[in-house]
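One chain, chain A, appears in both complexes that follow, with chain B as partner in the first and chain C in the second.
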Partner chain A sequence: MSMFPAFDIASSALTTHRIWMNAISDNIANINTVKPMSEAAYQEKFIVAREIPSAPGQPVGVGGGVAPVAVQYGDATGTVTYDPTNPLADKDGLVRRPSENLGDQMTNLIIAQRGYQLNLAVIDRAKSSYQQAIDINGR
Partner chain B sequence: MQAIQASLDGLAARQRISAQNLANSETPGYTAQTVSFEDSLSAALASGDPTQTTIATGVTSDPPNINGNNVSVDTETISMIDTGLKYQLATQEMNNKFRILHDSTRQDL
Partner chain C sequence: MAVTPISGIMNAAGMGSIAPVTPSTTAAADAANSTSGVGNAFSQALDSLQGTQNAADALAQTAATGNLTDIHNYTIAATEASLTTEITVAVRDRAVEAFNEIMRMQV
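Up next is the complex of A and B:
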């Protein structure tokens, strides 16, 4: 797909934002996951994104898009909470709750969603530009 | 013209596979497929006979999600747009060839 490079670049961004949204949705899904003190708390997931260098033949300075390269994990200690009625509580009545913050997750979700929409808009514009280029010849 | 026809065949096959992948985007255990023909077309052109072009299907290596499906809906949609534009280019070129052929057979010039 190198005839229309804007598609490759925007497509890589769509994939990256989709994976980011998946990670955020997992973080939100586990926001109430309680673990016993003997285990690590649910660890918030962070997606590490890196830019892709220019493909051979592309002008220098025009990159190749973005790719998710790794997942990093948040605090394993979590928030230690006193909840003696919880079946998972230890003899002191303590359990681990995730230390992630719902406000952060929702903010990131909006950023990821907007990023996805932006790149869809890029594809739309690029498509009509390429279409016009194709139509130059048309009778 | 045979080269353009081989290209149109390959692009049509890719469009079909993309449609099939999108149709199966919720099918458990489905692995997305791909179509490649450009390298074969290029080799066939180098040997002088574009009708020797072969259209090969493969599978993607993307990691599957929970239900074993690995179709990436955005990638497939962009592939359909990309393939559609290339198909337009190829059909236009084919029309140009036919127009030249048609003009060359006119008697009333």
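Up next is the complex of A and C:
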């Protein structure tokens, strides 16, 4: 356990939100990715986050923050679209487009960004609190 | 370093001997855990300060070489190093202050 536990906890949350933003970025990057019918469509990525239980020596109830534990994938069927001019189209002129929704992605992006900012604010407050504790009766 | 208690002043005229100063049981237990109280605590604090500085330096190197995956890891490590330095300096200042205060005592 470090001397500044609030930093470690907020840092774990920053890492988790960064990974979430990476996943959203990947989802948005592949929003127009077309796949042939013989392959699975681009599957939307979801990050599964878990709380880190309190470490031994920590006060009961104070956890260790949050950690990304897994990636889950969305629908592999995708949206089957009729697009006969597409070079990937099969004999019926069908291709798979991702079934993800850009509105959801942008909403998640805002949530992830706000979560990141919140934890930066926690670090900022924690730092000034620790600094004030150091300055007790200082000259 | 073992601290030997001050021996009592023996048989000054008209005065009984003063009982030697014995360390309290908790202080004795602390002394058993660490070889020397304040000095050892301070050197441990310096070691942990060195540790935080090394961690921040290593992350600064990864940032310079483009291998840093989490920007906040470096900035937080640098903040921890700077706070630990501030604490160490504050502790040193208080210790020196206390020492000076004792040295100023009229004898």
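Here is the rule we use: the second predicted complex is superposed on the first by the 137 of 139 C-alpha atoms of A that agree within 3 Å, B and C clash if a C-alpha of one lies under 4 Å from a C-alpha of the other, contacts with A are read in each partner's own complex, and residues count from 1 in each chain.
Definition applied: a residue touches a chain if its C-beta (ideal position, glycine included) is under 8 Å from a C-beta of that chain, and two chains touch if they have at least 3 such contacts.
All values reported here derive from a predicted model rather than from experimental measurement.
When the two complexes are overlaid on chain A, chain B and chain C occupy overlapping space and clash. In the superposed pair of complexes, A:70 makes contact with neither chain B nor chain C. In the superposition on chain A, A:2 makes contact with chain C only, while chain B stays out of contact range.
Overlap of the chain B and chain C interfaces on chain A comprises residues 3-4, 7, 10-11, 14-15, 18, 123, 127, 130-131, 134, 138.
For chain A in complex with chain B, the residues that touch the partner chain are 1, 3-4, 7, 10-11, 14-15, 18, 123, 127, 130-131, 134, 137-138. Only residues 48, 70, 72-73, 76, 79-80, 83-84, 86-87, 90, 93 of chain C touch chain A when the two sit together in their complex.
Only residues 2-4, 7, 10-11, 14-15, 18, 120, 123, 127, 130-131, 134-135, 138-139 of chain A touch chain C when the two sit together in their complex.
Of all the residues in chain B, the ones that touch chain A in their complex are 72, 74-75, 78-79, 81-82, 85-86, 88-89, 92, 96.
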